[in-house]
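Below: one structure, written as structure tokens.
A, B, C and D are the chain letters, set down in written order, and residue numbers restart from 1 in every chain.
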Amino acid sequence: MSKNYALCHLESDYNNGAHEVVLRRLIETNDERTKSYGDDCFSEHARQLIREACAAPEAQIWFLAGGTQTNATIIDCALQPYEGVLCAETAHINVHEAGAVEFTGHKVIALPAHEGKLVAGDLQAWLAAYFADETAEHMVRPGMVYITFPTELGTLYTADELRSLHEVCCEYNLLLYVDGARLAYGLAASKDVTLPLLAELADIFYIGGTKCGALCGEAVVFPHGNAPSHMLSRIKRHGSLLAKSRVVGVQFEALFQPVGGTSLYATIGQHAVSLAMQLRHLFVDQLGYKPFIDSPTNQQFYIIPNRDLDSLRNHIGFEVWCPVDDAHTACRFVTSWATTKQEISALEILEQAPVS
Amino acid sequence: MSKNYALCHLESDYNNGAHEVVLRRLIETNDERTKSYGDDCFSEHARQLIREACAAPEAQIWFLAGGTQTNATIIDCALQPYEGVLCAETAHINVHEAGAVEFTGHKVIALPAHEGKLVAGDLQAWLAAYFADETAEHMVRPGMVYITFPTELGTLYTADELRSLHEVCCEYNLLLYVDGARLAYGLAASKDVTLPLLAELADIFYIGGTKCGALCGEAVVFPHGNAPSHMLSRIKRHGSLLAKSRVVGVQFEALFQPVGGTSLYATIGQHAVSLAMQLRHLFVDQLGYKPFIDSPTNQQFYIIPNRDLDSLRNHIGFEVWCPVDDAHTACRFVTSWATTKQEISALEILEQAPVS
Amino acid sequence: MSKNYALCHLESDYNNGAHEVVLRRLIETNDERTKSYGDDCFSEHARQLIREACAAPEAQIWFLAGGTQTNATIIDCALQPYEGVLCAETAHINVHEAGAVEFTGHKVIALPAHEGKLVAGDLQAWLAAYFADETAEHMVRPGMVYITFPTELGTLYTADELRSLHEVCCEYNLLLYVDGARLAYGLAASKDVTLPLLAELADIFYIGGTKCGALCGEAVVFPHGNAPSHMLSRIKRHGSLLAKSRVVGVQFEALFQPVGGTSLYATIGQHAVSLAMQLRHLFVDQLGYKPFIDSPTNQQFYIIPNRDLDSLRNHIGFEVWCPVDDAHTACRFVTSWATTKQEISALEILEQAPVS
Amino acid sequence: MSKNYALCHLESDYNNGAHEVVLRRLIETNDERTKSYGDDCFSEHARQLIREACAAPEAQIWFLAGGTQTNATIIDCALQPYEGVLCAETAHINVHEAGAVEFTGHKVIALPAHEGKLVAGDLQAWLAAYFADETAEHMVRPGMVYITFPTELGTLYTADELRSLHEVCCEYNLLLYVDGARLAYGLAASKDVTLPLLAELADIFYIGGTKCGALCGEAVVFPHGNAPSHMLSRIKRHGSLLAKSRVVGVQFEALFQPVGGTSLYATIGQHAVSLAMQLRHLFVDQLGYKPFIDSPTNQQFYIIPNRDLDSLRNHIGFEVWCPVDDAHTACRFVTSWATTKQEISALEILEQAPVS
């Protein structure tokens, strides 16, 4: 950071390197010679570990470098050219990917968001109206539903909500795609959503590495062996094929290696969520700030009086989210695997802000 | 590799991890918190080191993940939509990028290759014919010349050849873009081409990391401060913006940190070229194979009698390039920073093959 | 039509051939040999007539075949690759062009529609928020405002409303593009918007031919001589260049030839609007139907009780627009240059429907 | 034309309006109200006539506006995204479509041309090499073979040559697509290729209207009922769907209406080819010019001494094709349905040129 904050950096979960276990595995494997483009033993091992974690023995898995790249590549590969992708209006692909999906020729069709989530009822209603419309052939045909887990606002779908979306997708023959850029944090905070459930309900999902302990990389999973043909060519055509794809494979090997009944990926999620809950306690119960949204995951949003902003900025790195009213601003505070208990505890010295 | 060769792995220069100095720098910087998307101190330092190495104080530099991605993104960003890119027919963008440039809507216009090189005379003739053609407006307008240094066949442009191409580009107002996926090896082997010369003659070039010591990553240089506007948005739209772009920045910091009047990038190049020359001595002078092409760089191509192929494969990993005649096959042997002297020396136990 | 309605066809304004004056001009010029691709005397004459009608002597004009083609081609030509186009959510490009704009790689950014119109205040607010957002570089940059005149719902912008949109566009350096697929009907119904005013306020607009008297064809106008370079190549690359572009030029010659102080284009507009007003009188005052929207142009929308639909369908061809409630449906009735007074008058035999 | 030539206009076969029979049919049908987007009785009748002429009762047919549009739209619709199209290097899509195919994201892969034709042996050899290449997945996969009938140089494939191409396509599972922009002239001149043969051997072909008697329009035929799904949406997405698609349908009705055992389309072809042969007799036998290529169709190419060019230009409109040597230029002279016997006969007054 250009600035060294006194207490802690909560701007994002990608302001660091890699988890030390991940880094160690990169070091261990560094001198091995392997085939390239993903056809190496480390990547294959990582795939096997992910299949096991997902209870999806048929799963096909590719390793890509980053989240926007993954979304644009995979959505384009999975859709027919004339199809579009439905999502909540707050979805990452609709807001913060600089039009990467449209660059591949597909319309992003935004539906209302409810605390960052797409609701099955809205989806059902939109689809019913689309297919009842006599001019439907002149409109972009829906081919996929995109959701994020957790959402851009830190919220989570329950298992029942996912099942409802899955049912609507089945009814209308749409693919369900789950963007898991922060999946570790979502799984750690969820009461009932697990990797096997995702693998059961989603047609495609990706397990985020960049924000969950890796230097870079995301693992795309087609859980039912349902990947389109010629994926290597398709991925390369999008410029998304890494020559040393193993660099991502090795990291996912470290993230999913079973360790005492769990995995580093699970541990990372729990760590960050636990610190996020400690932060919530501090901000809400001690400092008296109101949540902007009720997030159970590693992204926390609070309504900060504008008069407190400068003072906070002296101690913490965070991101301004959006203005709330003339006197208040919603701000985002993000924990990650790299956040330490010491950092969060140190925040307790902040003076209590008046409830505003 | 699925197979463990007795003597050495010469299939490619991307069958490994990173140079230990690069890896060490990743470890050293791992716990630092920085801004993302390339706006971090390590990336900024790497940019400064590259500017100095190129004697190009105005250079604008971006760090991307891989070579095909870089070519497709940068060619599309630099061209007008209706323009195409001229290259030798053997050029990587014309052959081995799965249509990534065409995916962005641009025609790749292939001209004859002379030992992998585009010749200024051919270029000049093609351009003169294009602009003399009454139907030119109905044809794809040339907007850029793409060359590789070294080429896909390991050959090198001389400084004079580059100057000639540069002059033709100036005459016809075309951009000259140099793909330096293996630039370290080209610079090490060239008698007269240097980074400052490239920075003088090229409008855009990229310094390859993936094949030259890094885990991943390429550095795109606009040496004259001549990048198109809104590059961050453009790169992101192509799915090519890394959230932790610093991962590449840190590696280029290590590659270009001056060390005793040189840099790791130069040292890596010299090491691999030196071993390639040792390999050439062995293959040509001792084993009596003929070169398929006369390459001074880390990619070596020999004509192997088909009856020797299996025996060679027992000892060395290499790549079949193309059939030469019914009894001979051109094969590629690639050294890299990771190849050791021991590996190459061990090859001397190969029985001398009969000259064929 | 598969069905021959007793009284009249009001399904659309493109269910016919060409106005007889247009057809006559095609016949008159049929045997002349001319250059192709728009470089012919008829097209040049048509351009001159349009320049005069628009009081825009510097205007550059191209003739394309259809409306969606024109929108997709021109929007893509005028935008930078990383830019998107803002419009009302009901805009044709957002709903009924099967994703043709996204096919060219640009995001369509939908803002709320007010009776089919984009409101300057909404636009201003969106733009202010966009440019205040710290993450704006990661979002699609707005490059153009698209409006339709008349709108998809038959409504019209006043001159003041256009001026307000124009001012916001100037403030934020956006292009203002007006889709005039039904421009003849809009100009005829407007109290204060004229071709010269459009040419003053819009950066680009197109004068619709297909729906306003021609067999096919639209005239794209860059009123300030502000067309991008290499338009012929750009248009051809989009597959939108007609070899016999003169076929459209000849028709626009007929439409814009001054006749007694007016033009066929104006006459066509007045005719259809006049019949639309007669229809409104019948539907609202005599039959007691409520307007779904208050349209002054050739597209009329009424709320029809479902129990009347079959009976209406026996007499009139029309289009179902959308359900209003369980018992009512909004329907569209469209007049055109081809609708006759006899057809509309014949409708008076319809039994008066009970007010519902 | 800006210039009125004394004798005749042989610049192109699209320098005019429509054949009078076509025009008459447009006039006759002008006042009928029909459905739009191709779902009208005239288009349906035209489709039925084409199916009969092709002896292809299962054929699916769409009417588009122009040739480049048709090629780009249909090639993109028929290919998988990662596939490219193979063609002769002189092919229209490779040279004169301003990159319209690449605009849709597909590589045009050019093979050697033999008098404008693609030879089955070259195709077979290329495909064998492609599929034998270990790196094939990194190269654009071939999905279609594109040929023109007649070619851009006026030459024709024999039935046997078409069968050979067809067999190679079957062997490698490629689509065979025939661009029939000038199909009338090809069929008239061919000894053994007929519409039913094309319908048997090609997977897709288009029957050119614009250059063969129509104001505009081409008929795309999927002879085996093998069109991709959702063609209306796909065509619209490309901006290629005409609202009044019937305008093209009506013209094809006129072109394919059986008249005394033949059709206007056949008659047009015979007329122009007959005049082309008369022109050949004049140029070769009387004036002593050498053919640049031996074309049996309506496009004739002769080698004209440069000293004769100005004099010829005083009498005839023609197109410079390419320089042959310092003293000679290849020129193209094109007849069409609109060329009259009088025009060609009048050329006999040209002074005999010295054989050069």
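By our rule, contacts are C-beta pairs under 8 Å (C-beta built on N, C-alpha and C of every residue); 3 or more make two chains touch, one makes a residue touch a chain.
Predicted, not measured: the structure shown is a model, and the values here were computed from it.
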{"item": "Relative to chain B, chain with the most remote C-alpha centre", "value": "C"}
{"item": "A-C compared against A-B, more contacting pairs", "value": "A-B"}
{"item": "Computed distance of Cα centres, chain B from chain A, in Å", "value": "34"}
{"item": "Chain A and chain D, separation of their C-alpha mean positions in angstrom", "value": "51"}
{"item": "Centre-to-centre distance between chain C and chain A (centres being mean Cα positions), rounded to whole Å", "value": "42"}
{"item": "Touching two or more other chains - residues of chain C", "value": "82, 97-99, 103, 105, 137-138, 140, 233, 236-237"}
{"item": "Sites on chain D touched by chain A in the complex", "value": "76-77, 80-82, 105, 137-138, 140-141, 230, 232-234, 236-237"}
{"item": "Residue ranges of chain A touching chain C (in the complex, touch as defined)", "value": "82, 84, 95-99, 102-108, 110, 134-135, 137-140, 319-320"}
{"item": "Complex contacts: residues of chain C adjacent to chain D", "value": "1-2, 9, 11-12, 14-18, 20, 23, 26-27, 29-36, 41, 65-73, 97-100, 103, 210-211, 215-216, 233, 236-244, 247, 317, 338"}
